[in-house]
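What follows is chain A paired twice: with chain B in the first complex and chain C in the second.
Our next item is the complex of A and B:
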């Protein structure tokens, strides 16, 4: 177990370092920097340009910039936003709070809708019910998230004469407003992920129900409920947990789009505005954080395997 | 709105000023920030939807138009650029110009308070403009002050600008695009720049309450503001809308009181909603196609002329903004009457395909040519315009390949003078020198982004800047515009109207043609 943890930790560190380096290089490979943006179309006074470059340390050689940044990161300091002046760690904490709320609510809702649908479709394979669920899956899997979000927004306005509040409020600030502002983004993300779930669980369920042990169980005279829920469902838990991990990472990615659509000040929008403004410390810090979260999710999934199936314990 | 009688009056004032006589401006209170409404009531909170978000609120170092739009509420210059293009004294009360035009003496308004509680003195004004004009401080506004030699503050209420060369547009330069008067030595501390996202330190009618990135920006009434009774509303909240669909929905459901739309088709959806009205204002921004004189094949003036002669601006405007704007020649719509040359007196404005083909053949392209045309991601109007122009140019054998790039990349190309053949969207302050000088004056005095490098144009622009008499300036700038139309370093196509959506309860909101939010200062809310 210890050996497993150590190797996983080492590979995680390596992945984080490598991805930081790639992000660092990519950001600087994108033409234009913060100085160009600040000067805008007003023209470039060489002296003003140089003064600003020096102010942000952009006049240093690139390896020096990377090492300086890395040195800070190792000490737990991600620097400050060049525009906002706030600590990047604080910006990430604020933004992740929003994203985390949306992502967990989405995961919960998608699981609650998607898994039962998939199980039902699997059990009733080939029936009209199955066809209806598959139709839902098809729509859910093929509709782009921004379109679903937009339709919900326009639909709520047209039929309910309602639209979400314009400013995000955290649950502790104003719970009513908070729910009102996250409900549409969560719904639009959850509908899509529920379809993915349902599609996946249906396939697994059908596969399981054709296995020999199910035939044996039927021959033994077990009730359908026992066969479905005690045997078949338990066996699909392993792939399901892996899938959940993937879905969660996908939801984190999906929030970039959905946050932009619904004015949520989450991690996705923080990264996007950071990229557009060439605010290097923000982009580097936030992406490093996302990489760490993804690693953590995968790691948790691995640990869950062992809990579900003792044979897989390292 | 742009009546000619007013211009004559303005010219007269200009003439008096240039004679070195003090111009008392007793009625300027009534003229700063538009007309006053005697029926105005105070109080209430207003929510303004905005499709653009300022990256930061530092008026000294952030050049973005999205920043200027909102910081005009909190920071003030010595003058206010009124909707017609005149510099109306604001923090200055009056001014005199020495007969040689080399020294401007400004009398400052007394009793003006900063948001920090301090009282404004001449030392603050001197500090502010000295900071702004020193390029080492990295302000995009530094270039506007190249003619200023020194700024003196002989007493608390007097500031003297000493110039190296006469500069007729000094007053309009001391307005709101960059900087604004702030307390002396404000920038001495290292975190002062980003601190401006938390507090405001200007003298404006509103002070900053809160700025949450990607969410809202809140300004509150500054209780010690020097103009009695202003502003009328207690609080203004800017809600940053990530897209126009969200803003349409927010306006329909009365989540916002006001918002400026960029695409007419979005605003049109609101035209029939009860309790909401749509206001059109001619703007000071322009949609252009720029032509880099170092970029082959448009380095040849004949090819540039052929392109100009093949473009039907009216059709491009219809395709791109459904006609909600005005076709222009060589200046923005908001300045056409005061400074522009009538379009029928300018060369290369009417479509003439046979002349275009002949010019192309003379330039060595009898079989036409291929060229890349750049559009910017996020600027919705450019895509339909690009397709339309590609169709129009095909008629003379110019095959256009449309290239889309990201804004940051485009700005880099722009500043490094590698524009190529590209769309552009640029706003201006209402003065021809502020509009043309940096863009078209050859380096090093101007930036000359399009590598035009035209000696005659540079000479005209220098003269226009030194002259302070309106009539004489107009002659100079008319000559410049004819040269611009003849040589085609840019094709100014149209000015899109500003489309403001307002709820009924918003009263006396006067949209400023720059798109900056000056209008909120005298606006009020009915119950």
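Our next item is the complex of A and C:
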């Protein structure tokens, strides 16, 4: 188990390193870097162009630039934004605070809605209730997240005469405003993920209830509640935890779109604006961060396995 | 005693499946002959009729430059679904060929291809899509490329594990003993056995790729503006959401309906092939 964890972590880190390099190459391979953007179309001033390239280190060969960047990263320094001059680590910390809030609230809400729905659908397989829950799942999985967000905006404005504040406020600045601004993004993301959860849990539950030990438990005279919650639910915990990791990574991706819709200054917006402005240090830093978070989530999932199922302990 | 439930079971169709089949038929018509359903031009601008709500003249209303939304959404069907279908086909051909070779041959090919695939899979799909289209710039070509890159690894994995499993079966051994070449065994024996898995993967991934396509369009990273595309229309509608909700409503509903139809179809296929 331990060896497995270490190998997985090592191969994930190798992939992260390689993907950083690919992003690095890709950004520098396309025409139109920050210097071209700064000088605009009129930029025929060769000397100024040279000087700026030198300033940003863009006159160095690519492998040199990458190694320099990597050397800094190893020391925990992601450089400074070329536009704002702020440390990339600070920009990421601020942005991640926003994304983290949305992601955890979404995960919580999706779990609270999705898991019970899935369990109920699984227990009542083949009934109308199951069909209704399945229909909900399919619609939730098919509806584009940002469209749900748009429709929630319309609905809130038309039926509640309410719309979220325009400017983002952190929970410490103004808790009321903060909740008001994250509630719609969280709801839109949670619909999809609750449907995904429910769909998954239903399949697990049905599979579990068909196993022999359930028949034995029925024969033994255990009450349905004991069978469902003490036996079946306990056995689907492992796939559930894996799935939770997947969902969390999905939510992380989903925030990119939803943050742009609701003007939340989170990680997704940081990446998007960084790419548009060719702010290489920001893009590289933020992407590396996202990849590391995904690796960390997967690693945690692997660790949790051991805690839930003693058979998998080292 | 044959009740309604038995009939349904015999026809193999639940209400959801019947709905999905009907939707698939409708979308097939919209893709084939959009101009018959919506004869109006999806591009004609009429500023005097900007932002009109749905009416008998404009069933879905008009957008901010007075284009007929019914025509735009109907004509977008072919473009949006076509782009996704094309991108996934590219990913399927590339990923499956690589995966078949990697799974069957193993060794260095498998190792190198596996690491390349891991690189793409380190990112959540939407983020990989944003990075690729963001860096390369918007446009249909880059959108297809981005979707193809994002989904190639998933076809690779399916084809690789399929080929790996098949390569250990006794018919492969028998073919070797009979003196067939490795290439011939891979192409004539292994590939036909793995292909159904790849096709199933195509159907399963379609609704997901559709969501990513729409999201990229919504972020302004998709098809260039005047061309009708569901995601791009949604991007345009975003700015008028509180004054003209109808711009955003319809393309979203069409996205939902098509993703739903393909998803249900995929589940039926999964059950038929016994992989669910």
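Worth a mention:
Criterion: the second predicted complex is superposed on the first by the 297 of 314 C-alpha atoms of A that agree within 3 Å, B and C clash if a C-alpha of one lies under 4 Å from a C-alpha of the other, contacts with A are read in each partner's own complex, and residues count from 1 in each chain.
To be clear about the criterion, a contact is a pair of C-beta atoms (placed from the backbone, for glycine too) under 8 Å apart; a residue touches a chain by one contact, two chains touch by 3 or more.
Computed from a predicted model, the values in this text were never measured in an experiment.
Look at chain A after the overlay: chain B and chain C clash there. By the touch criterion defined above, A:85 reaches chain B but does not reach chain C.
With both structures placed on the common chain, the touch criterion links A:276 to chain B and to chain C. With both structures placed on the common chain, the touch criterion links A:30 to chain B and to chain C. Touch criterion met: A:138 reaches chain C, while chain B stays clear of it.
In the superposition on chain A, A:147 makes contact with chain C only, while chain B stays out of contact range.
By the touch criterion stated above, A:157 is placed in contact with chain B and with chain C alike. Of the two partner chains, chain B is the only one touched by A:165; chain C is not.
By the touch criterion stated above, A:52 is placed in contact with chain B alone, chain C being left untouched.
When the two complexes are overlaid on their common chain A, residue A:261 makes contact with chain B and with chain C alike. Residue overlap on chain A between the chain B contacts of one complex and the chain C contacts of the other covers 30, 150, 153-154, 157, 163, 260-261, 276.
In the complex of the two chains, the chain A residues touching chain B come out as 30-33, 36-49, 51-52, 55, 80-81, 83-86, 91, 150, 153-154, 156-157, 161-163, 165-168, 259-265, 269-270, 273, 276-279. Contact residues on chain C toward chain A in their complex (touch as defined above): 14-16, 115, 118-127, 130-132, 134-137, 207, 211, 214-215, 218-219, 234, 237-238, 241-242, 245, 248-249, 251-252, 255-257, 259-260, 263-264, 276. Chain B contributes residues 47, 49, 53, 55-56, 61-65, 135-143, 178, 191, 193-195, 197, 212-216, 237, 239-243, 245-246, 249-250, 252-253, 255-256, 406-415, 426, 438-439, 446-447, 449 to its touches with chain A in the complex.
Residues 11-12, 14-16, 18-19, 22-23, 26-27, 30, 131, 134-135, 138-139, 141-147, 150-151, 153-154, 157-158, 163, 203, 249-250, 252-254, 256-257, 260-261, 268, 271-272, 275-276, 283, 287, 290-291, 294-295 of chain A are the ones that touch chain C when the two sit in their complex.
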